[in-house]
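Here is the structure we will look at.
So that you can tell them apart, the chains are marked A, B, C and D in the order they are listed, and the count of residues begins at 1 in each.
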Amino acid sequence: MSEAVVRSNAVEVKPPTKKPASPWRLALREMRKNKLAMAGFVVLILMFLFCFVGPLLSPYSINDAMNVRNGNKPPSAQHWLGTDKVGRDVLLRVMLAGRTSLLVGIVAMMVSVAIGSTLGAIAGYYRGWVDTIIMRLADIIMSIPSLPILIILGAALSELKMDPANRIYLVMFIIGFLSWPGLARLVRGQILMLREQEFMQAAEVLGLRDRRKIFRHLLPNTVPIIIVVATLSVANGILTESVLSFLGLGVVPPTPSWGNMISAANSMIEFQKRPWLWIPPGVCIFITVVAINVMGDGLRDALDPKSKR
Amino acid sequence: MTTQVIRRLLQTIPTLIGVSIVLVLIFHLIPGNFVDSNPTISKERAAELKEMYGLTDPVHIKYLKWAKGVATGDLGYSIQHKQPVTTIIDRYVWNSVLIAGVVLIFSWTIAIFVGVFSAVRQHSFYDGLITFLVFAVMSLPSFFIGLLAIKFFAVDNRIFPVGGMITTGANYEGWAHIWDVIEHMFLPVIVLTALNVGGLTRYFRTSMLDVIKQDFIRTARAKGLKERTVIFKHALRNALIPAITLLGFEIPGLFAGAMITEKIFNWPGIGSIFLNAINARDYFLMLGYTFFIAFLTIIGNVIADLLYRVADPRVRMK
Amino acid sequence: MANNLIEFRNLRTNFYTSSGVVKAVNDVSFSIREGETLCVVGESGCGKSVTAMSLMRLVSPPGKTEGGQILYKGQDLLTLKERDMRHIRGNEIAMIFQEPMTSLNPVLTIGDQITEPLLIHKGMTRKDAKKRAIELIELVGIPRAAKIFDSYPHELSGGMRQRIMIAIALSCDPKLLIADEPTTALDVTIQAQILDLMRNIKSEFNTAIMMITHDLGVVAEMADHVVVMYAGKVIEEAPVHELFANPKHPYTQGLMRAKPIINQRQDRLYTIPGQVPNPVELGNNCYFNERCEHCMSLCVEKPPILTTYENKHKAACWLYEKGGEVS
Amino acid sequence: MKKKLLILLSAVMAFSLILSACGGGDAAKPADPGTKVETPAEGENAGETPAEGELVTEGTIKATDPSKSPANATARKDTVIVGMPAPSGVFHPQYSEIAYDVYVTETIFASILQVQKDGTYAPSLGNYKVSEDKKTLTFTLEDAKFSDGKPVTAEDVAFTFTLFYDKSYDGPTDAYAYAPIVGAKDYKEGKAQSISGIKVVDPKTLEVTLETPSVLALDVFGVAGILPKHVYGAAYKPGDLSKMKDTFTKPVGAGPYKLEKFVAGQEVVFKANEHYFKGAPKVPNLIYKVTTEETNMQLVQTGDTDGETNISASLDNVEAIKSLEFADLTLNPTNGYGYIGLNHKDERFKDKKVRQALVYGLQRQEIVDGVYQGLADVVNVPQSKVSWAYTDEVNKYDYDLEKAKALLDEAGWKEGADGIREKDGKKFKITFTASTPNAVNEVLIPIAKENYAKLGIEFVPDQMDFNALQDKVKKGDFEMVFLAVGLTPNPQTAQGTLRTGGNQNDYFFSNARVDELFKLANEEFDLDKRKAYYKEIYQIANEEVAHIYLYQRRDTLTANARVKGFDVSPYKRFTFDTPVIEIQ
């Protein structure tokens, strides 16, 4: 049943007036009640620890020489998750790959948020031709199918004499760059609404500069929506990277990422014979993305005043 | 109405031009080309061929030549297939459309029902379970789900065919042929639907939650309508209308998703051809196909936009 | 004296919110007689709307009707099967709401929405239903009914929409019409028209009306009988003239004083001091005690009981309770 | 046409099939945690494959129990289904470029000559004779008919040959470079209506006159699928072959089968050509089914296919096929090889001693075994060991660290304080351009890094996308690079890589004697004489270290044992067996 009735009846009841809770504290409280979201948060923290602290505890190191004679060994006491084709410890690789994948997701998100919120805010604030140009640009990027363009950019930019170790940054930026229009639209919508509100007239009266108005007064008000989109786009970044890796255009070996680890096990025989190669990275992607998604969903519920119980 | 349609169509022109410029620029940057990958031809011959294909033109000439062709419905010449790009697209795209269409229908139907159910039972155990499941299928890379599906459904248990679109050598006719194709569609459709349905389900859930809180739902209930009528006639209709605009953006998503599944399930669609084209550096096929999808997206958006105006009485065109 | 159409007996509806249990309707009893207009008065959040929704059995989670009975024609509505209850809603008991702008479904035509109850409750054919719907539209005073039938809500003004809501509510000749602040969101002139319309309906069809309002002007104009609610409880109940002439409860008195009176210039309107108490933290006392001018020690110790006095006047206040003075 | 395999090979590299590797039977003990994994002892020699016992790495492994063939395969009494990656639908012998289109055209069209298992040409639809001055080739035809029943005549052959020289011909054959016919230039430039060097003598005889003698002309004319002029003539307009492209999916030829149906991306269905001049094929229906790397093995297993051309030769796959028991597996050396290219313009690599040191100092066997587990050989010449022109009378360059060090010392590269060799104040640091993802590089890079460190050379990998790499190589912008190349039956094509200024010679290798030998060989049609020339070429390439030759891997052909008669070699593809295969 809906909450409509509740809203029109019971919620007229004034909220408890114990402490004037800030919206953030309210959101946090709301978050804490969402068990699924909290679980996601905890899992995510564990995953970060696993990836960033784990390798320090491993007896192996990325600089270990490869030894093909020790390759494709099933899990054992020495190698808990076995070894890959060229004899590297899968557990260590999974952890290091996690660093890459998480980093890709986070940086891609930051790029997307930086571009998306700035352009969105500018478009929403200035309106007119600035808005038209920015939104047209967003349209263009949104209407180009992202996967082909990712593939092509990946190929085109490999022209830059790029060390494969640095290529992940490229991947991050491409993923980030292609995902800003969605956020820009959301932010623009919010800003269009906000700029008509009274506190903005106050800012107007104070004679603040545009930049200050946009970045100090307007944008902060869109933070909840940005946070939600940002969270979800981290998950998206991780998935996109893995698909690119499958096509051989993502993070390239020897730098491990979850995506390229799975795609290294690309034949059915490998799939059946050596599950330790693809199950660990697969499970890691799964856990991480689910965790981020449920957390993002929880955040959305918590930060969205409309969905308050 | 007609003027609205025309105006809306005219508005797409700058976007289309923008898209085409961006595409040509990007494609121009791609290293390697088809001709140079043939090791048996002399340098003179290679130069001759590149000239013939217009690969040596500076980028603005390339753009103008190509744009001129596009304006007349010619997307260029596939060097690899030695055919016009439109012929190649026509040869393979329908198989992709078939999958995309079925996936679209399935994923929307499922997403609507699940999303509605989940919204109606908000915060219940079912809602939590569905939320989790939805995120679960969204949380695996498409190729991985595809490979897993083949492993479990086609290799370990031979429930579905391993891949392809028809049983080779069977020469089925009529219904047998149709059933054969359907059988081969199962796995790719399941995988693509699973991937597609998650986001949509969330969308419908949120959208339904918004609608269910509206006053007119209370009115409908107060009329003594059955809950089913309230949800599906009164609430869903309101939730669906804004979703129409989503349809436009479904197109690139579906075709992009299909690229991976076609590759894995050996489905003879345009996606796998495109992937090959990239690897072979079949310049115009890459460019043509990408532009084709962009074009579909833009047109899809226009149609969605117009449909929205038809469907929503509040903005209905007079 | 007419029969009781509806009888609330010790109704309790609670809301389980994240901050605690809200007793939105707390042991409420009163009745509505056939053909009578009963007004329920109170501030926002006093539980008057929830009482109505409880009657319709449309309280939705986290709210729950947990005690008491609502007798309609001798049947307890609260124990009715959902199917039977559906047959009562919109058919025997109809309801109109405060926000005419949002209470109609924006994507369905007016005609669709008016004919809906006719089709399901009266089993009419589409054709008959349309005919009846057009009659109803005319009945509520909207000209060019046939054209309106095919329009969408956004094409109508607020007043017209509220008329349409009334038409929908009347479509099945209900025994009881619940009107939840039907005029609050409307212009004053429109308000008067809507109230006129409702009065006409009442006299024409002998429909009982349960009108929920916070506007004593509306009460004076419409009511036969008045129930005053405060913080989920009925604190006073009386025939309209009796109440206006002789308000007993300090809260009611406050309400009366807070009402501007025409031709009488006041420097300041009277306001009842203090705030509505936090519904979660209600103690075992008179909920009005903090704001009451006449607060006594007893008032903070024990809740007063609704007691019947002369002229069918009921009130829940220790001031009139001898027992109160004793203990 | 010969180039298709090369294309296939590049494609293979581009997609970089990750050849699954298996350490099965590896006796090496797992290293203790925390210690560096030991690399095999220095000087340990190649040759031994993992202690697997008798790993057959070449030839045919017969099915052990043909009766295990799946029922649905056995049920096909008149149809053979062969799996392969998708052909693109260019079914025209002069245009088909990717290997799978070539498979189809070879099945539908017949050519005058046909390649044998050792790479030599044998008469097929006809034969040829060379004139005294070696400039005139006379082709004679057998009595043969096209699948539509019309006879094959010299007119058809002339028509076919002429197409190669059309101005608008954009197929993969560089006809003029291989077979400079008299008058071809004039024809191409539109100055002549026909090519004066192509002369129909009588309906069974055709004379072709070349400007200069070229043994490569056979690679154009000998293997060109003959087009029936009465069918294709309608689509032919000099200077505008656009209509020819409409005929791609409606091929008509004189080959063993005719096209019944082409379902793009799915299958190519053939019917036996009852007019085939060597007698109608025994199998009435032949289907090429599109398969993918991921699942082609499963299709053989389920009986969906009777044969599969594209299962990569890895230990995993070999074992899996063996375990099917009903399938014959043919392992052939791939007609190509992998090598490390050196930029001969680089000052350091100009010194032969340095180049040799780089070969001696690299554990090639270790690398090759690491990648292919025995299913590949280390090679020392740029030729397949099954070719008639092959020689192994060359330096084997077995791993020899001391010798490598000595050579570098001699070359003036002295070890510096940091252990890195230097000369004239310059450190010896090699940037290694490598494509990624790539299975070979994955193994090669760590081993080479370590090997060369021992030599006092810093080895820095620079990994990139395959196409980017190719671009760099074309521009000469590299020092050292790993690549693989395909071979053709005619050893003469190697001139592209070894001759000064050769089209494939991106490494600036230049040797006057090699240039001379190639010229001599190209003007000689006698096999024995040519063999001697090539031998010398290979010896020079080996001695001079034109490239660091690495390996020749394996290709497979898997066939359900119910189909008999496949007898393939790296040169002779299964398509040539289609007229003779039988179902048991």
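Simple rule for what comes next: a residue touches a chain if its C-beta (ideal position, glycine included) is under 8 Å from a C-beta of that chain, and two chains touch if they have at least 3 such contacts.
Computed from a predicted structure; not experimentally measured.
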Taking contacts as defined above, which has more of them, B-C or B-D? B-D
Which chain has the mean of its C-alpha atoms lying nearest to the mean of all protein C-alpha atoms shown? B
When the C-alpha atoms of chain A and chain C are each averaged to a single point, how far apart are the two points in Å? 50
Chain B to chain D, mean C-alpha position gap in Å, rounds to 38
Distance from the CA centroid of chain A to that of chain B, rounded to the nearest Å? 23
On chain B, where are the residues touching two or more other chains? 30-31, 147, 150, 155, 214-215, 218
By the touch definition above, chain A meets two or more other chains at residues 1-5, 8, 155, 158-159, 266, 268, 309
Could you tell me which residues belong to chain C and also touch two or more other chains? 58
What does chain A use to touch chain B in their complex? 1-5, 7-8, 36, 136-137, 139-140, 142-149, 151-153, 155-159, 235, 239, 242-243, 246-247, 259, 262-263, 266, 268, 271-272, 278, 282, 285-286, 288-290, 293-294, 297, 306-307, 309
Residues of chain D touching chain A in the complex: 15-16, 18, 20-24, 26, 28, 30-34, 36-40, 293-295, 297-298, 316-317, 320, 369-371, 436-437, 442-443, 445-446, 450, 462-465, 467-468, 471
What does chain B use to touch chain A in their complex? 14-15, 18-19, 22-23, 26-27, 29-31, 120, 122-123, 128, 131-132, 135-136, 138-144, 147, 150-151, 155, 202, 209-210, 212-215, 217-218, 249, 252-253, 255-257, 259-260, 274-275, 278, 286, 289-290, 293-294, 297-298, 301
Chain B residues touching chain D in their complex are 30-32, 36-46, 49, 52-53, 79-83, 91-92, 95, 147, 150, 154-155, 158, 161-169, 263-264, 266-269, 272-273, 276, 279-281
Please name which positions on chain B make contact with chain C in the complex. 214-216, 218-226, 233-234, 237-238, 241, 311-314, 316
